[in-house]
Amino acid sequence: MAMVCLSDFEAYAKKYLPKIAWDYFAAGADDCTTRDENILAYKRIRFRPRMLRDVSVMDIRTKILGSEISFPVGIAPTGFHQLAWPDGEKSTARAARAMNTCYIASTYATCTLEEISAAAPGGLRWFQLYIHRNRAASQQLVRRAEALGFRGLVLTADLPYTGKRRDDVRNGFRLPPHMKVKNLERAFEVCTVSPLDPSVTWNDIYWLRSLTSLPIIIKGILTREDAELAVKHGVQGIIVSNHGGRQLDEGPATIDALVEVVEAVRGRVEVYVDGGVRKGSDVLKALALGAKCVFIGRPALWGLAYKGAEGLQDVLRILQDEFRLSMALAGCASVSEIGQHLVQVSKL
Amino acid sequence: MAMVCLSDFEAYAKKYLPKIAWDYFAAGADDCTTRDENILAYKRIRFRPRMLRDVSVMDIRTKILGSEISFPVGIAPTGFHQLAWPDGEKSTARAARAMNTCYIASTYATCTLEEISAAAPGGLRWFQLYIHRNRAASQQLVRRAEALGFRGLVLTADLPYTGKRRDDVRNGFRLPPHMKVKNLERAFEVCTVSPLDPSVTWNDIYWLRSLTSLPIIIKGILTREDAELAVKHGVQGIIVSNHGGRQLDEGPATIDALVEVVEAVRGRVEVYVDGGVRKGSDVLKALALGAKCVFIGRPALWGLAYKGAEGLQDVLRILQDEFRLSMALAGCASVSEIGQHLVQVSKL
Amino acid sequence: MAMVCLSDFEAYAKKYLPKIAWDYFAAGADDCTTRDENILAYKRIRFRPRMLRDVSVMDIRTKILGSEISFPVGIAPTGFHQLAWPDGEKSTARAARAMNTCYIASTYATCTLEEISAAAPGGLRWFQLYIHRNRAASQQLVRRAEALGFRGLVLTADLPYTGKRRDDVRNGFRLPPHMKVKNLERAFEVCTVSPLDPSVTWNDIYWLRSLTSLPIIIKGILTREDAELAVKHGVQGIIVSNHGGRQLDEGPATIDALVEVVEAVRGRVEVYVDGGVRKGSDVLKALALGAKCVFIGRPALWGLAYKGAEGLQDVLRILQDEFRLSMALAGCASVSEIGQHLVQVSKL
Amino acid sequence: MAMVCLSDFEAYAKKYLPKIAWDYFAAGADDCTTRDENILAYKRIRFRPRMLRDVSVMDIRTKILGSEISFPVGIAPTGFHQLAWPDGEKSTARAARAMNTCYIASTYATCTLEEISAAAPGGLRWFQLYIHRNRAASQQLVRRAEALGFRGLVLTADLPYTGKRRDDVRNGFRLPPHMKVKNLERAFEVCTVSPLDPSVTWNDIYWLRSLTSLPIIIKGILTREDAELAVKHGVQGIIVSNHGGRQLDEGPATIDALVEVVEAVRGRVEVYVDGGVRKGSDVLKALALGAKCVFIGRPALWGLAYKGAEGLQDVLRILQDEFRLSMALAGCASVSEIGQHLVQVSKL
């Protein structure tokens, strides 16, 4: 079977992953409306392509927080990569480095930060953080990440509690016994309630700031009001995200929320987006609407499920080729030529 | 089979209820457009969730006409509960009390008001009234309800005649011989036409007012004009309702009409809504748009059909958990924090 | 099988009519978009029903061009009724008279005008006319109709040529040998081209006017510009029609065009509409938007196909009951209370 | 099987063409959204037909760049006609001449320009050009076309690189060994990269201008900005085109882009459109929105696949009959009467 586009990897993963793992990765909250809207919203955006521009030499590189990446697509933080491939996050790290892009490792990785770092020394990586009831545990994770050369701290803001994913409830989803959330093992006692702290507020950004000199990126912002607060509290970046539609169902599609957030931010910090990216042209749309970079979640897991690091590289390479081609066909030879003039958003 | 969300109860009820009972409960008027629109209209409303608010302590209680309920979901008046479960409305009353919420008993109950009261002493209950051609019968019902401790009188305004529900016509629907509309037995002679009075007008509110000191809630309002008339005629509350889409087909979805009614009422009386609530987040949307409380109709019947009072409690508990979670994920720790800023209504 | 709504008659007719006859009646031009839009457009209109009005005494009668009919639904002109029922238009005339409404007999009837008149003496009938190349033939038809007591002349304006109905082309549709277009037999020589005159213009209204003192109703108007011309040329009524979607495909649905025509006409002549009426509430919508009466085409044929005059009466009686009920549920006790305030039109 | 409308030819071609050829002709880029939108966008346009105009004498002729054609439908440039019919472009040329319309021969023809000319001497033909890295090759093609009596030069602007057509990738599409891109054989060395030059800019129009006195028509324009540039650089015509949805997916449908381009051009040059034309009434819509003529791509190939030149004539004749009929039913007797008043565009 030829792997021509990302749907091919999705079909493969659905066929070959254990049902419980597939369901976990595929899950959206409640009716999965937002999960699906993330994709549909991209389809409602129309390009306004320009012709007869010299696109013989294409430059698709960009920089995020000062680090160059080969093209504006990184790996979003998702948990439990060993559910997709035995090597788990080590493979993810290798693929990201091979493709010269950024990998945001999740707190819920099934490999330790040390293993991830060792698997792909020198790769550009950010670390995704939940703030725990046990603040010392969070503090320790931040310090480990910084020490290991992670170059950004991504604070997830949209999970005070876990969203209701019906299939996970039906399946009684839990990690198989041989997998562990390794980064938390050392820091946590067994706890009967969620270890995540639902009392976190904007002021905790200042606390985080006091722990580390890493740039702080806040993930999960969907409104202009929160975007304004994020800037005000001194973050370096915002990831417009609805957690892949796994938290509050029937919020906005991320590409729709991006427009609002970009407007509010007015260039003061970098804005990224995740959710619903399935084609290179989706990346072009996100950049046209003001994103500096997009991050992919489920497609990365499909790539892992296909062939580990190699499969994830395949996914990234397809996105890269599609992005370059769509840029050229829209009349842009470099990322700096991409702008809002390239798209027309039809309101539903 | 795990009962994870309300659709699970719907599937169960459809499978295990006699067809004629299922069809009766499921029926909508004519093409069932409004019945289905009630649900679809909720889906067109998008949340604007806010992040990093302290949602560690959640308070989902509210008050309706001065009585506290555990969360803003009550039981709408529907007829013939014995079609769903042998104990009928007695089970409904028990479940509502157990969950500390309000149950609106229907004139078309298959238990007497006395049986309902005795089944769950002290529960918060309102009584739903149709005005009959035989006014003495209506008067007697009102006085019985008041004497039995019902705390509100819900006048249904949208049924001068019964809507055309095709399946009921095809099935020749009628109650099985062992069930009775018990509250009317004692008051009515056999009548060949409908006992309901199609000549009722707004002035009859004054007549009702003269019979009872109970608060009067009018049910079935869908326009700003009628909302204004309701306030002018001195009701204490309005239930925005289209009778579950069982009366005039192709009127507005109730959640759409709610916006218009709330605007017209300007806080002078409490406004509630029924129809189409299937998830806890629907409750959040209704409250964001100005409802003080929602009432569920068919889902309550599905709960009864599943396991009587226990099944209905399951339904209410799921809605309660979902409502609390969606509040938290939208950034609200108490009902008082819910407001219109939480939603974006897209016009179709 | 219970005949509960008009779709039941449609299903019956589809099952029992010869395919070639069903296809002919069902046919729309080209992709049948307009045929189907006629129905869908009604569904986009929402009622704003009013409550607590005295609807104990319902009066659904109306007048068209001075003649009272029992409710505002007449029979639109359609051809070849013998394809649906052996007695053909004689049955149609009987049913219309029995229900005390108006029947517009088609030039393409399979019974003579004399047979139609004799079948239901005293019934309210209008005669539908195409202007023929042979003007003498048209003139003779007009005079016969007038002499036979037809009370209106309906000039069809939208058929200079016959629309392309693919199924008729595939089926090689033609009348069975034992049926005849009887009203034309006596007047026409065999002609190899269509006998209809595609050179007809507005000035021919004056010519018609000179032939008869009957009121002239023009059928097939879809724009404000043509409505203005119709009034200017002295017609007494306008039927907003797209010929059931059988002529130019992808013109407006008739209920949408009605709004524009009613606005242009400003009450100077009566406006009617046909196409897409399938429920009593569709009639209410059409009246709310300014129609004085609606005419049904295919549903009348389904009624004939079911049981001749009796079947057509069933169809009319269902529409009548549904119309009366929807009026009452919307808060109107008489046709004079119906107005634009009853509906909300959502633009697609 | 009766060939009644263009879909019949599509069904035939899908059934009888080799899968790899069908897939190649049917292919759209990526998700095929734009390919399908080209068709759907026509359906969103509603006619405003006018009645009682004299349409007894119909004149459907028009002129493009001074040459009269029998009706405003020409043959768009598409490659590899031998995949559809053994005689390839020779049949296309014969059919176009027989129907007295314009055929735009593609650079990627499987017959030489000389063969095409000889097959139908005197036919109205334009030549479609890609600018090659090897400018001498392009120059030679232009000069050959001019010498052979081609009367226009169509520069395709939307293919700096080939779009990603998934099925072609899966099929490993390539021409069968017995077919050749004959016009390029003589001019090109074997090259490992695409022979097309992605560095072409607007200035190359001036270069083309220097090579030939033929009118230059630019194909692939979708925005007002590029339309303005085209006029400014001295082209004689613009074909609004998205390459049948085969290049950048999720750009505008061509009929939507036409409105914008026509507005920008303000009559300074002729504007044509291709993509999505499937019925005669589509042609009428395009003309109402300002196109001087439309060109058909895939339908021409279906006609060839059916019966070569004869099949293509069938396709053209059907379109011609449908166009004439829809003009008449909309109230236009000649092309000069077609205008924007005939249509109402609903925004999605």
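All chains are identified by letter, namely A, B, C and D, in their written order; residue positions are counted from 1 within each chain.
Heads up, the rule we're going with is that a contact is a pair of C-beta atoms (placed from the backbone, for glycine too) under 8 Å apart; a residue touches a chain by one contact, two chains touch by 3 or more.
To keep track of the chains, here are their UniProt names: A, B, C, D = (S)-2-hydroxy-acid oxidase.
The shown structure was predicted, so the numbers you read here are calculated from the model rather than taken from an experiment.
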Intersection of the contact lists for subunit A and subunit B: none
Same-residue or different-residue interface between subunit B and subunit C, half as cut-off: different
Gap in Å, rounded to a whole number, between the CA centres of subunit D and subunit B: 60
Rounded Å distance, subunit C centre to subunit D centre (Cα mean): 43
Touching two or more other chains - residues of subunit D: none
Subunit D residues touching subunit C - in the complex, by the definition given at the top: 2, 4-5, 43, 45-56, 279, 281, 285, 321-322, 325-326, 328-330, 344, 346
Subunit C-touching residues of subunit B, taken from the complex the two chains share: 30-31, 33, 157-158, 160-161, 163-164, 166, 169-170, 197-202, 204, 218, 220-223, 225-226, 229, 247-252, 347-348
